[in-house]
Structures are given as structure tokens and as C-alpha cells.
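Labels A, B, C and D are assigned to the chains in the order they are written; within every chain, residues are numbered from 1.
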Amino acid sequence: MRERFASGFDPFVIPFVIGMAFVLGYCLIAMIRVICQLPKADRKRFLLSLITPKYIWMNLRDIFLNCLIHVKLWKRNKVLGYMHSSIAFGWFMLIVLGHLEVMLFVPERIHLFYYPIFFNYFVAETEQTLQGALLMFLMDFFLLMVLSGILIAIIKRFASRIVGMRRTTRLSALDRVGLYSLWAIFPLRLLAESFTAHISGGSFMTIPANWLFRQFLGNDLNALPTWWAYSIALCIFMCVLPFTRYMHIPAEMLLIPMRNAGIKIRHPRKGFALLEVYSCPGCGVCIDACPMSVRKTNCKDATVYLNRQLRRGNERRIAEISDKCLLCGKCSAVCQVGVQGPELRVAQRERRKFALTPSYTGMDVQPLTAAVAGKGGVLYFAGCMTQLTPSIRRATASLLDKAGVRWHLMDPDGGLCCGRPLMMAGRSEQARELIAKNLEIIRASGCDTLLLSCPICYKVFKEEYPLEGVRVVHHSVFFQELIAAGKLSVTHEDGLRLVWHDPCELGRGCGIYEQPRQALATAGEIVEAGMHHAESICCGGSLGSLTLSYEQRQPMTQNALDNLTVADPDQIVTGCPLCLATFVRMADRPVRDLAEVLDEHC
Amino acid sequence: MVNRQPIIAVIGAGIAGLEAASQLAALGYKPVLIEKAPVVGGHVAEWNRLFPDMTPAEDVLQPLLAGTAKVRTLLNTEISAINRLKDEYNLILSDGSSLLCQAVLFATGFHLFDASKKEEYGYGIYDRVITNRDLEQWFNSRQDARIDKPRAVGFVHCVGSRDLKAGNPQCSKVCCITAIKQAIEMKEEFPDAEIYCFYMDLRLFGKKYEDFYIRAQRDYGIHFIRGRISEVGEAIDNRVVVKAEDTLSGKPVKVTLDLLVLMAGIVCNPDAQQYAREIGVAVDEDGFLKSRNNLAAITDSSRPGVFFAGACTGAKTVPETLAEARSAALAIHNYFNSRG
Amino acid sequence: MIYQGKQKIWSDYQKEIPDDHWFYVRSCIRQSFFPASETHFVKIVRDLLGKDLYETPHHTTCGGIAYHSDTIPQETAMTIVARQFALMTEAGYKNLVTSCITSFGNYCEILETWREFPELEARIREHLWKACRREFEKPEYVAHASDVIFKLRGEIAERAKYHLVSRATGEPLRVVEHIGCHYSKMFPHKGVGGAEYPCVLSGMVESWGGQVIDYPERRHCCGFGFRQYLVKANRGYSVSNTHKKFESMEPYHPDMIITNCPGCPYFLDRWQYVIAEQTGKTYGQNGCGIPALTYEELAGLVLGYDPWDLGLQIHQVGPEPLLDKIGIPYDPNRKYLGLNEKEIMKPGLPTVLKCC
Amino acid sequence: MDFGFKLSPSSAVNLDTVDHRRFDRLAQLVPDALTCIGCGSCSATCTASAWTGMSVRKVLLGLQRGQDAEVDKMLSGCMLCGKCTMVCPRGINTRQLILTLCRLDKKGEMVR
């Protein structure tokens, strides 16, 4: 290999250099800004994590798996997975190999950061070596890989159904510029490298292409303009990148270490929230996943659009999208970069100004406290919703008695709200007051276990109540354990087909998927819904949404029911009174709580 | 059978009489419509539009008029006396003639309660107090000095209905929905007006009535106040001051209105009671004519050959009245058939 | 307002009032507060118009106040009333005329109760016999004294020296008529003109040249309300009621108020002072109040009796502006002279309400 | 002068003078608020009512009757648990209604 130009420079690299300098500068400033916006404690925690070996390893692994290989996407959709990883990983490898070539053949040029990109223009092949041929081969191989990805991307854009997506995002004008320039980069690179392959050498793609071109072009006049075009395409892409969804590429590389460090959204628009917004690749997976998008309604209210509106600062739409969401968490579950749609929305809700702020400090909960004081054992908090579904409370009580558990009901005549609905509405400060009141009662009871039959309550008691020494448990888990310990003997009913509906707050909210199924399997045969576990569909009754009307929710409920009944179960079983009450209104078959089913077979 | 074509006296040419006469004529009988007023159509002819679809009253009447075009109709005719003969009835008419018929159908309808009897509401005393009928006539004629760009309008439900002291403990059935209809019409006419409905109970039992009510609430913003107006006074500017208890908040309410519409209820036509007594047909405790059986034979009287149709047996809606008129025609047909 | 409409209603509530031969029972309250009114009723009816009016010193309270204040049961009130009837029967009269509206209401209520429950009447007869060995016949007619004046309003108008007309403008005076609640609200047919638009007082006013004004709170209670006044803790409600009436009649600028109940003239008069003290507001012209008179006082004025003989000086609100308006002469120096021409002492003057 | 008693304010609601701007604005933002039939299901099922006297029915009525202080007191006792939404026969989104009301000032303006 020898250099063709003593200067090591040609004007066509200027666009690339400008683009690269701009994007690097922009990202650096944005990164500093995000880090500065973090609360002090979070910032310290994050910076410490960057020098902790455990986190360094985690970060590298996650960045490699998520940003380059797109493991999550592979699991979800092989075609999309291939498309993303071929482009990302292929491009990454082109850059790495480019640097390798520079280091091997012209190490004195390694400081010119454009050199590895345009290596084939600047060098001429003097002799063929095995080492050179291998690198050439790899370069062509990865270029082919990227090109195959681009091809899929083009097909996806015009016919998203082929790649398994029902709906995809509508692109903004700049997104289109970014997209087309991205599409252009690699074909142009192929052309440019092909035009110079007889000088710089090439491999299985560039050499035949070079031969082909020379057959009818006959000269090298096309080579320089093509390198210019390649450089300009790169420049355009990098210059628009910060203003397009492609910002997710650099943003995600910061998001991963921050998330690994345990940073959470503390401000609706700054710091981690801002980073999440920029990390959104705008892929639109959340649109299909969103339970509100049934019958093509509310498609513009998916998390991808929230992120877009947050970037644009459209307050009216931000408020609308934030308030409408059911907070079921499915968008987070399917999101490739892990944007927390619900948390982002709740943060927006928390920002609201109110003319009137509730206060519960004046309530005298003495009667509730007195009723359970010093009772110990298991304290069962049935919760507000269960009052509308008394069968749950009755079945739970019956099972507890059958298992010989020493238990007491915390709210026989109705207690206080757990505070979770307030938190969902963005009024967590007020929720703290309720939490304090409930804590008073629980502490006074001296219980060792707090049993909940409502996942809404369960989540808040588990996460927000400082209940050291008290085990907070959902009844599905508690009963599963009682069955496993032989304290409850459930008779299996052959031929009884049961489908388990994972309530949002229990499944995605608290990660409880298996225990209810195990418990249920003792009573009948479990069949699965069309989508289940983390992908289960919200019943539509969620308290998360502040604005959806009953009429708007009905098709969502119907959709969730259709999903649950694909395997034609005899009964739909769930573990949430709200899901139960919502489904019962529209279901064509019995909807039961887990406790009811178990109690019937006990 | 004495006569191949029995004559049936149909007393009253409101919608019940017209429909029954038209059905009887189609069945091959000779109905004779006897109407006190100079025109046929009864109350419906005085009405402008009908609930719940805002159908013009005209649209209900037209087919009935067409169906009875060939029926002998005696207008401006009152019945001086009715005699019961063996199997036949002899009607002495106000013009001195008499009519011998083989069956009598009471389609005498109802009287609108005289709202001035509820003295505390000041109908006939205060300038701005009118009745549902007055308002309906205004919809037809647009001429009523009392209705002058009102900014606040009140409707009082149950005027002379469900009111022991007013002599009519029964529900008049149609007033709630009529009040809602008229309230909507007034709101359409005067969009800036505040409209209040003072009700005791809202009885919206019929098809589409509840939808109508929701529309009145949501689309027209009509205020429904559960409480009966206790008294009406007149302010210095001739507007009326009404007082009621808002029973849902347990507080007295007071409001000044430009127009107060009294939803006068339905009472039995006193003429019907008179005729019934003459031929020994029973009158019920509620003042309406007494059917042989309130469930299975609502159109039959206690006497053979005497039948009822429509509001003479109690408050009825238009579709109920029409259905009953057809049913009465069939009952008469069966009556003659069974006599061979 | 459609006047014909009112006349139609009045025609439905014609009350039969006998011409002559009355057994008169006085009112506890009026004897104390407006003794001259009752005196002048007797003077006008018996002395001036020559009717037969009999009264006996043996009659007592009818028990109405105690009954309405929930301090005696109705049977006790009935027995007291039965004794009055016995006095009437003993005197040979059949027509009862009461000075008090509450008595009138009480008598009517008891007679109606006996009509519905004859066994109760029998028991009361027994009680009366046990108590004082008396027997009675029920009156044929029960009338209120204002019914009698209403009946005689034409004769009074014929003898009238003054009319309810402003001397300065010739316009009829604007008069608020206030009917006592117990007059016809319980039994509309027992009152002249019914309960909603009674004409017993408006008939007098119109006959004597005045104009009745119809204001929104016309039917409202004067504010006495028995327990509302008698229990001091409730007195705020009493004065608030009166205040509501004055607020409602204010835009009509009434020249005077006439009433037919013992409590009403008292509260419509005295509370004007209290309202003025509490709110600083007066309802008459030039900081004065609106004179609130009894119908006998009004009849007396029309007939030319001396205002001080009629007892107008014992009203809180000074009658002088009204007298001046009609043109009735009066001697200011005699205002506080008793019947024996001795000073009966001048009252202290209120701070807000102007009382001449 | 102290008489030992005072003119007591009238308990009557004068609809001529009631300020219903807040209700009108609410009706604009949540039109279903107009369709309440006062059945009381919301209050009967309310978790907070026993502790704070909250009642959606009374809030809606109070707004139309000028009982601002009572309305505010009730609203500040709402725990947003959503049971009222579940039971409302007219399908009124009561939580949205309450949250919207909490954002309106006395004049019916949205606080910013």
C-alpha cells in the first residue's frame, strides 16, 4: 500500500469533516447539559458508576448488545432485528476496519480522522497480501451487510406490513432528509470504492463492479464526484442528525450507562427525561403495542409521539397525550431503547398547576387503627376497588381461613385509598399524606405480612411504603406459596380451561407472571392468551388514563377480551378487581378472580 | 245480524277517533264521527311538533284525515243525550237529530288541567305565566305578547298531575317529555336563555325519551332542578320570581324568570263522564272511564257495544293512542262477529 | 299583572259574612299592644254603624299562642275554645267574630278537626263539662274582625272624611297589605279571596281610595313565627324574615302597610327599628320607616278619628309623614298625652330610624 | 346596638346572582358534567366520603348553586380512587371532571 497523495488531503473530505465536527460538538454539549441537569445526588452516582468496573463492563456489554446488535429487536422481529443490526453493526465494523487499515498501512495518518473513512481514495495497492485481501474482503462483506439492511429499510418504508409492522411512524421533514441521506451513504460508498478499486484494490463486490464500470465508462472521471457525493451524504446525515430521530444513536449510548447507574426521571423535561426523549428512535413499535390504538384510534398518542411533541415543545399535545395514556407500561415493555412512556407522562402530570390542592392530614383514622391494633399476623387490605367486587374479598377470606392463616381485615367498612391513583394522576405529594395515614394503621397492627388482592395497591405498598419488617405480598403469590407448602389443597378440575390475564400493575408493574399461573394450574388447565406476560393487553379500565371516556375505553376492553379468548378458555382469570369489573361488563364468558377459582376448588 | 253494515258512533274526532273510524271503515262498518269542535284532530291539531323525533303534528294528522275522508263526520255537534236501547244506542245530537247506532266508541280524549286552579302559580294573573298549550300555539302562530326574547325561562312539571289537592293524583305521563321537548325548542329559539325545568320525578319511560333527556342536558345545557315550585310572585318589572326547594341540595332556590311555562296535566274530559253515566258505563276512581280489564281489555267498557280508545281511559302518548284506536276497531269487529 | 285574573279568583272565594249580631272575642296581643284598635272596632261597628256586637269580660285567651309555641297540647286548646263557645251560647249568639288571626285560625282548625273526628268533639264536651259544667253549641259563622270591616267597607267609605290619596298629587297611596298567616293559609275557603290572593285587606284599601301593591314576597310571613321570636336564640330568623319582606317591597316605595293580624303590625313596625340599627337601612322616605297600621286604625283614620286616639303614637315608626300625605290634621303636642290628658312619657329616639 | 341576635344570612340560593362561571367552563371542558342525574352512586361508593365528605354529585350541584366553599372543601378531600367513574350510570369521567375542576380558579380560568 502506498499513499497516492503526499498531502493526504482532498477537498471532498471537507463536507464530512464539517458534519463530523458538528455532530460531535453537538453531542458533547448535549451530553454535558443532560449530566448537569441531573440532581446532584444522581449526577454523583452516575459519574461514580463510570469508573466502577462492574458498571463499565455492564455498560460496554449493553451498548454492544443493544446499540450494535439490537438483541431486543431480534427477539421481537427477526427482519427488523437484522435490518437494524446489519446497518449498525456493519457500519461500526466498517469504521473499525477502516481504522485498522490505516493503522496497518499508513499509521502516520491515524490522526486524520477522515482518513479511515476515505481510505480507499487515498491509497493505491502496490502488492497483494493475504492480510490486505482479508481486510478488503471484510470491508466488502460488511458493506454488503449494511446494504442489505438498507434494502430492507427501503422496503419497510414503503410496505411496513412485509416486515411485520402494522403501523409505523409518520416522519417529519427533517427525518426524511436524514433517512434519505442515510440510504444514500452506503450505495455511494459502494460506487466510490468501486470506481477506485483498480487503484486501491478491492474484493468480491468492488472489483467486479470496477470491472463492470470500466467496460462502458472507460475512464476515472466519475471517481472524484462519487467520493464527493459520499462525503456530502455523510455531511448531510450528520448535520441533520441532532434534529432527527437518529439522535437516538448517540443518546442511547449515554442512556444505557445512566440507566445502569439507576438514574430515574426527576424532572419532566430535564436530565434523564430529556435523554429518554432523545433516545427514542421513533421506530413506532409502541404504536402497535399501545392498547389505545385499537381500531386505529389514538395512534397519535403513542409514546413515540409524546417524545416528538416533547422535542417540539407543543404543550397542548403534550398535555393531551400525557393525560390520555392508560399507563399500562406496554410501550416500555416493547421499547427497544427502554423509553419509559408511563413515567415520562406521570412526570408531565406532576408539573401541572392546580388551583386546588387536596389535603388529607385532617382525617382521623383512629377507628381504623383501633380496629387492627396489635392483631399481628397477616393483615389483609382489600382496597377500594374490592368493595365493588366483594366476591374477591369473600374468596380471599375463605382461602385464608381454609389455610389456617391468622389474619385480619384492615378495611372491613372501607379504608383509605392506597395513594396509587393519586400518584398516577401526578399528585404524589398528596399521595404521601395518604401513605402516612395508612402506615399509621399498618404499623399499629404489628402485622408481619400485608396481603393485597389489588395489584394497584400492591405496587404502591411495595414501592412507596417504608414497611421494613413487613412482607408486602399479592394474594396470587401468597396463595401459590400456601399451595406449594401444602397448606391449601386444590382439586384439579380436568378439562377446565383457564386463561390468566396479567394485570398491568402486577405483571409489567411488579414482574409477577409465574406464581399466579402456577397457582391456577392446580385448579385447571392453563391456556395462554394471544399476547401475554409482559405483552399482555390492558383491560382498558386503568386508572392511569385521566381523560379517556367510557365509550373510548369500550373497544379497548373488547380488544383485550378478544386477545384473551383466542384459545377459547372456559374462564378468564385475573388478579385485579379493576380488570375484573371492567371485563365482566363485556365478556362473553365468566371472568373470575384467582382467589374465587382457587376457593371453588379448595 | 240486523244490519249488514252496523253503524258505530265514534265520539270525538281526535287522533283516536280518526284512527278508529278509518280502521272501522276499512273493515266495512259505517262509523260516524261526532265532534264538538269545528275541526277534527283534537289536541294534536293544536300542537306544533311531537316528541321524541320532533315530528310535525301535521304529519301524524294527514294520514288520519286521508283515512277518514269518506267517513261521515259531524262537526260542531254535541251529544245532548244518549239512550241505551236493547242492543242499540240512540244519540240525541245538538242539532236535534238523532243517531241510532249498534256500537259506541268513546274517543273523547282528555282535557288539559285548568292551570289557573293552581293559584300559587298565577296563571291568568301574572303576565309571564303561560301553559304548555299556549307555548305550543306560539310555536304555531308566533304571536304571543308574553313571549318576548326571554333570557330566563322556567318549566314547571306536574301542574295538576300527581297532585291530590288539585284533584288529579295520577301522572299525566306525557308532560315530562313534553317539557323537555319544549325546553329544547325554546333553547333553539333563544340560545342565550337560561332554561330551568322544575320537576318532582322525571318519568322518561318511552322509546328514545332518555336520549332526548341527555341531549337536553348535554347539548342544550338545560338546568333540571328537582323540586316543585312553591309559589310565584311578580317583580316590579313584571318578571316572575319563582321559589322552590332544590331537594337535591336541600336548599330553597329562587330565580327570576321572563317566562314560566306550566306543564298542565291531563284530566278526563267531563263530557265523557257525563255520557258514561247516561248509559251506565263505569267511571274509575281517577275520573277516567273504567275499562273492563286494565291489562287484557283496556278498550272494552263494562257494557256490551261500548268501547274506548285513547286518553278517555287515562293519559296516553300518541303511539299508544293510535295503537289503542286500532285495537278498539278490532274489538268492535270481533264484537259484531261474535253476535253473528 | 292581570287584574281580571285576580277578580276571577276572588269570585271563587266568597265568604258568607253575616250582617249583624256578633259575639266579639278580643286578642291577647292586641289588647296589650294596640288596645285602641279593638276599642275603635267596637266604636265603628257598634256605635257608628249600629250593629249588634256583644262581648263578655269572662272570655280568655283561645290558647292559640301556647298551642303554636308547642307549650300546650291541642286538646287543651280545644277545651279553652269550647269554653268560649259556651260563653257565646250562654249569651245567645251564633256568629263569632275574633279580633285575633291566630284565634281565628285556631277556631277554624278546631271546628274542622271536630268535623273530621266527631269523637274528639264529644270528648272535649266531656272535658268542658268536667272542668266548668258548661255546655256549648258550635258557632254558625266564624269571622275575623277584618272580615266584618271588609263587609262594612262600603258603609265606611260612604262616611269617609279622608281618602287614601296623596293630598299633594291626587295619586292613590301605595299600600302594602299583609295578611296574617293563620287567616287563610290553613283553610283558603275561610278567608275572603282565598290564600294566594286574599282580598280582605285589599278590598278595604281599594274602597277607600288606595292602591294595593303586589310585590314578590307578599305572601311571606311577617317574621313572628311564634317560636322564632319567642325563643331569643331564634330571633335572628324572625328579623331576617321581616328584612326579606322589606327588601322585596322596597322598589315599590310603599306609603304604608296594613295588616290584619296581632303580630304582623308589631313585627313589621318594631323590626324596622332593629333592621335600621343593624344595617343602617330605612325603607320609608327621608330616613323614616314605613308606617305599619292595623285595619281598624286605617278605618279610623278614614272616618276622621283623631290619630292619637287611634293609638298611632305607640307605633315605632312615626305616622306623621303618612298623616301629612293624606292631609289628616293632628296636634303634635298631644301625641304623648294619655286619655286623661296627662303625659304618658316620650320614648327615647332611635339612632338611625327617624321617628319625627 | 347589640340585641343579642342578628340578621341571619338567607340559606336560599338565588339563581339570578349565582356565579356559575366555573361550572360553565367545566361543562365546556368536560361536557358530560351536564348529564349528571343526581343518582348519588358516586357518593355512595366514594372511598373518601366517609373521611372527607367528598361527593361528586354535591360538587356538581354546589357549583351550580354558588356553594363554592363547600365545593372546594369536598374537592380537596377526593382521593381520586376512581370508584365513582366505575359506577356512574351516565358514564361521566368523574376523575377527569375532578382534576379539571381542581385546575380552575373561581372565575373558571385554567391556572397556569
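The rule we apply is simple: a residue touches a chain if its C-beta (ideal position, glycine included) is under 8 Å from a C-beta of that chain, and two chains touch if they have at least 3 such contacts.
No experiment lies behind these values; they were computed from the predicted model shown.
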Required steps from chain B to chain D (each step between touching chains, minimum): 1
Identity of the chain that, by mean CA position, is farthest from chain D: C
Centroid distance [mean C-alpha coordinates] between chain B and chain A, Å: 67
Between chain B and chain C, centroid-to-centroid distance (C-alpha), Å: 46
Distance between the centres, which are taken as Cα means, of chain D and chain A, whole angstrom: 40
Separation of mean Cα positions, chain C and chain A [Å, integer]: 86
Touching two or more other chains - residue numbers and ranges from chain D: 32
Residues of chain B engaged with two or more neighbouring chains: none
Chain B residues within the chain C interface of the complex: 116, 119-120, 122-127, 231, 233-236, 238, 241
Contact footprint of chain D on chain A as seen in their complex: 323, 352-360, 363, 365, 384-385, 387-388, 414-417, 419, 421-422, 425, 427, 434, 541, 543, 546-551, 578, 581
Footprint of chain B on chain D - complex, ascending: 11-16, 27, 31-32, 34-35, 37-38, 57-58, 61-62, 64-65, 67, 90
Partner chain B, residues of chain C touching it in the complex: 1-2, 5-6, 8-9, 194-197, 214-219, 248, 251-252
Residues of chain B touching chain D in the complex: 152, 196, 202, 214, 217-218, 221, 223, 226, 243, 246, 248-249, 251-256
